[in-house]
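Below: one structure in structure tokens.
Each chain gets a letter, A, B, C and D, in the order it is written, and its residues are counted from 1.
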Amino acid sequence: MQVYRFTGDTTPDQVLNEAGEVVGELPDQAADLALRWYPFMIFCRKFDERAQLLQRQGRIGTYAPFRGQEAAQIGSFAVLRRTDWVFPTYRELAGLMYHGLEPAHALLKSRGHPDAGRMPEGFRMAPPQIAIAAQILHAVGAGWACKLQQTDDMAVAYFGDGATSEGDFHEGMNFAAVMRLPVVLFCQNNQYAISVPVHRQTASPTIAQKAIAYGVEGVRVDGNDVFAVYQAMRYAADRARRGDGPTLIEAVTYRLGPHTTADDPSRYREAADVERWAAAKDPLVRLRLWLTRQGLWDDERQAACEAEAEARVCQAVAEMEAYPHKSLEDAARHVYAEVPEGLALQLAERGKEAR
Amino acid sequence: MPRWTMIEAIRDALAIALRGDPRVLVFGEDVGKNGGVFRATDGLQAEFGESRVVDTPLAEKAIVGTAVGLAMAGMKPVAEIQFLGFAYEAMDQIAAQLARIRFRTQGRFTAPAVIRAPYGGGVRTPELHSDSLEALFAHTPGLVVVTPSRPYDAKGLLLSAIRSPDPVVFLEPIRLYRAFREEVPEDDYEVPLGRAAIRREGADVTLVAWGPTVPVAESAAAQAAAKGISCEVLDLRTLAPLDRSALQASVEKTGRAVVVHEAVQYAGLGAEIAASIMDLAFYHLQAPVLRVAGLDTPYPPASLEDAWLPSVTRVVRAIERAMEI
Amino acid sequence: MPRWTMIEAIRDALAIALRGDPRVLVFGEDVGKNGGVFRATDGLQAEFGESRVVDTPLAEKAIVGTAVGLAMAGMKPVAEIQFLGFAYEAMDQIAAQLARIRFRTQGRFTAPAVIRAPYGGGVRTPELHSDSLEALFAHTPGLVVVTPSRPYDAKGLLLSAIRSPDPVVFLEPIRLYRAFREEVPEDDYEVPLGRAAIRREGADVTLVAWGPTVPVAESAAAQAAAKGISCEVLDLRTLAPLDRSALQASVEKTGRAVVVHEAVQYAGLGAEIAASIMDLAFYHLQAPVLRVAGLDTPYPPASLEDAWLPSVTRVVRAIERAMEI
Amino acid sequence: MQVYRFTGDTTPDQVLNEAGEVVGELPDQAADLALRWYPFMIFCRKFDERAQLLQRQGRIGTYAPFRGQEAAQIGSFAVLRRTDWVFPTYRELAGLMYHGLEPAHALLKSRGHPDAGRMPEGFRMAPPQIAIAAQILHAVGAGWACKLQQTDDMAVAYFGDGATSEGDFHEGMNFAAVMRLPVVLFCQNNQYAISVPVHRQTASPTIAQKAIAYGVEGVRVDGNDVFAVYQAMRYAADRARRGDGPTLIEAVTYRLGPHTTADDPSRYREAADVERWAAAKDPLVRLRLWLTRQGLWDDERQAACEAEAEARVCQAVAEMEAYPHKSLEDAARHVYAEVPEGLALQLAERGKEAR
């Protein structure tokens, strides 16, 4: 009897190894790219740390740190055009900021501000999705629109390892495959869904192999290697724009911080494990090693870059705190195109009460 | 003017929308080659092609979820859920996504998709094919919930729904698909969303009904008239947001109301109508607002559906009860 | 007797159930090693092992769907949906499956699972973490819908739910998890399902509330008392099936009622309470039943939730309005 | 870059080829099995044709024919024990009757009788599921119970090719795999989901390969070859009972009749296609060819067997029609363990009205 089982190699693709040595194919103009990316990574790292601090100080509410995942995000967002659709989760702020989201705006969500979801004009960014995996279907729909509109734009869904257990992932992959839509399904496998490790999330040794169920291609890359991520995303984007349909990318990475500021990861993972990823696999360290080896980076540049990042973060916080309050009445204008009579009366009654 | 059944009128609305607006696309399970299990999309794929009338895989969540993405990206998706009982499978995408895109993005994006679904009983369908779930959608702000009771309205309401800036859940009473014909203009016309219609004027009792129970209410009104009771029949047509003025005006006039719906009674939309009438016209009420609805059980197997459904007899009894008071 | 918060009381009920009945198992996202995002299952995995307190993959439909199969096969699953807003994802398994097993099989099989879920606002959670969806479950015959408002009840109701022959949706008000402590017996005891509780006796107005709005109603009653209005506070506890006698008795006494709930007002459970009161006690009503509820918008971002939620002030105003009449 | 894609062989496993020749491994006691199965298949075929006729005569309502799929059902149900859990769809009546469901009971569903779902005591058969794929999760739950109860019973979910697109399939497969549950996921790929052909349902060339997404085993067999189905089911059942977890079986078959009596298949498939399957691939023909070749069957036995089947069908119809009506009031007793006050009042009110 012929039995179908997975027999592939599970090693993620790398361009740089952990020592920052080239072990794969560098993209064209790697140095230029790295000199754009690395300073942005530093900024993101500072932003992330500050946001967590702001939460502790009570200046913002729940925040979901992304540190450790900068390479997976920036390396993949770097391939996007402004006209591509992107459907992120709450953990993609690094990517979104790289793509053009104002850092101050990126903090509004944690502030509980209604405008947090009012994404900037001129981009096709959906607001960060809270319901795990729901945005995958939206991306597939937007990719379908790109195909019908006969552009070579594409749609990208970002999601985590946990999201692959949801029916939305499955239904979305399947729709995109059957209709051969220009969609990239980008999974940041950061090893945990809150407290649940990926091996309790799925019995498959990789996320990428799930592509086989849908008759599409899957790619597994080292998500802490920004060049490897970039190359994989280019491969997938080329396929999408060419009309070859969807690709599933698994970027193997690690969430260095807590799930959110409400989470205590010491309950479910070993400090040693975190240490190992933080020390040997930090995506910033790896890129810096390579840049240094190329003679493109030194401590002085590092210091200057950090100072600049610090200043930008401070400015973002100031802007976020100065962002004007929006009333419930104003927010409620956006439930329907026009405010229904019943809602208008409810608002009027509350207005009265407030007076 | 042709005399059409409701299903023909719906098909015509879809054809007009597809013809007039390149952004419109129609999709769902079996809507393409097969023309829909009720033939609502009969011949549309042949006329408009496989890229605009699309057979999807069997996945309701994905049907609604991709409609959200399509609509955000500027298309006008008209998606079909084969039977409303299977909308449960897509409840998350309907209630937590579709309904909230505008609010979540404070107007930056909208998702004006139309989700069509046949619903209601009376034609001996299998389990889960007859459920009336309008209350679930009505309780979800951001959705417009529409249900026609006659061919003319079906066409005009569906065209309005497709052109609405808001997402619309468009519920089609299976029982009325082929129940009767009426004159339906062949041109493009709209029946406005958000407005109830008076199907019969009356002075003593207001019967509030929608979709499949409108003919039930009309028959009951006719029987009541024979007994000297004058009933007004209000066809809500749009279930959310509610046409409060129409409801108020009618009950202020009659002082009595009976709500008739097929859904389970407990926490059904009839409760909201009753509560709204209390809000709007309490001092005109001469009797409690009565409800004639489905039993508080799941929709039963076919051999029991006649006993389960709100019958004309029960509505007449409720009218008499309201008058006794 | 220990003084416990509601979350401690819930945890204790789960421990008692696990200890006393080998068929009981507890599962859901992050309930095992992590002890639940609110710590409702803290330490239970350590005490009862990984096969009885189980971290599942991230899939709500599967959590409920496997609970159905487990319960049919004689186990006593107590499944957690991490936040009620994500129950939408499992609506099909809850409403079309779990609720209907007994009816579908005419008693041959039953699925007495418990689905626990934190819900409600007031603690600045992200989107979809604060929604009150009780009306959806109440409108689904076959489900018992329960929500406690205090630690003592939480424990006793949860133990009753786990032993109930019917499936129970057990809604836990996030806001009350740690709001206050009260004396909770360490033994095994039950608070019966299907019975409302009078939290405060009064003569002028009945305040009907459940879960997170019970303390709101109590505060409003206290303020009203200061103004010379005597309010009775009825805590429904079981939202479906309804305790009709308790409702009737109270409103027959007071002649006035205000319903207070967090869910969106339109087609919310408050409408059913209002309509039921009309059915049960119309001739005692001296004023319309008023509703103080959430706005007809999606639950708003955290910075707006205080304005959105039913406040004590609004309840007091409604009480005064009812009295003016 | 390493890309994961499907590279397996897509030919379904066979034991008998279309000429009834042995091309694989026969089970032990194949002759005994075949002599039990083949007459039952004849009965099922007659039952199915009669049911369709009854619907045309208005004596029952909607009916979903299974003809063409007898081998897939009987070959797999033959492996089940009475204590195994089985979660069927509306199209598994052949299998359920083989397992012990009274033919008269099997017709109650189409009669719209509330007792249709009251499955016989002494078996662990769930009632036929209408919501596509929902029962997969129930089977996974029941398999979980088997594991906790430390028996070597298993749970089987039956479903169609269309069902594999639903989130329930995905979530169920994943749960079963992660928890290594004694579950068999048995897909009858009958080429259509109502009008939608399987190649519009999924872009994967097989259903069986979907197992790879979950890190479990998949098997693809010729579903019209009862021996091949039996062997695959035994393989999967052995794994389940041994604690090796779930298996996905794809039985490649064909629905010879309409989707249901409400369906007109000429709208979406070619008569020639149906002919081809009916002539060359009919599961009954294949088994008869083998039996005849073994000297175990001849025209006389065939005639006797058909006459007996006919009589049993007639008896079933008579029993079905004599089955007592059940009132709404009686049916409504089974919504909760006790009838709630509100419902009791509603029933009383209707009783009054009826009087």
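Going forward, contacts are C-beta pairs under 8 Å (C-beta built on N, C-alpha and C of every residue); 3 or more make two chains touch, one makes a residue touch a chain.
Owing to the predicted nature of the structure, the values given are computational and were not obtained by experimental measurement.
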Between B-D and A-B, the pair joined by more C-beta contacts:
A-B
Taking CA centroids for every chain, report which one is farthest away from subunit C.
D
Centroid from C-alpha atoms only, then distance subunit C to subunit D, rounded to Å. What do you get?
40
Intercentroid distance (Cα basis), subunit D paired with subunit A, Å
43
Return the distance between the CA-based centres of subunit B and subunit D, expressed in whole Å.
36
Two or more other chains in contact with one residue: find those residues in subunit C.
57, 59, 61-62, 85-86, 88-89, 92, 96, 103-104, 127-128, 141-142, 241-242, 266, 295-298
What residues in subunit A touch two or more of the other chains?
114, 131, 165-168, 171, 174, 178, 200-202, 326, 331, 335, 340, 342-343
Any idea which subunit A residues touch subunit C in the complex?
61-62, 90, 109, 111-114, 116, 130-132, 162-163, 165-167, 193-196, 200-202, 262-263, 267-268, 325-328, 331-332, 335, 340, 342-343, 346-347, 350, 353-354
Interfacial residue positions of subunit C with respect to subunit D in the complex
25, 51, 54, 56-57, 59, 61-62, 64-75, 77, 92-93, 96-97, 102-110, 141-142, 144, 164-166, 194, 241-242, 244-245
Touching subunit A in the complex, subunit C uses residues 29-30, 32-35, 37, 55, 57-59, 61-62, 85-86, 88-89, 124-129, 265-266, 295-298, 300-305, 307-308, 311, 313-314, 317
Contact footprint of subunit B on subunit A as seen in their complex
85, 87, 114-115, 117-119, 121, 124, 126-127, 131, 134, 136-146, 148-149, 155, 167-168, 171-172, 174-175, 178-179, 326, 331, 333-337, 340-343
Seen from subunit D, its contact residues with subunit A in the complex are 1-6, 8-9, 11, 13, 165-171, 174, 177-178, 180, 200-206, 208-221, 231-232, 235, 245
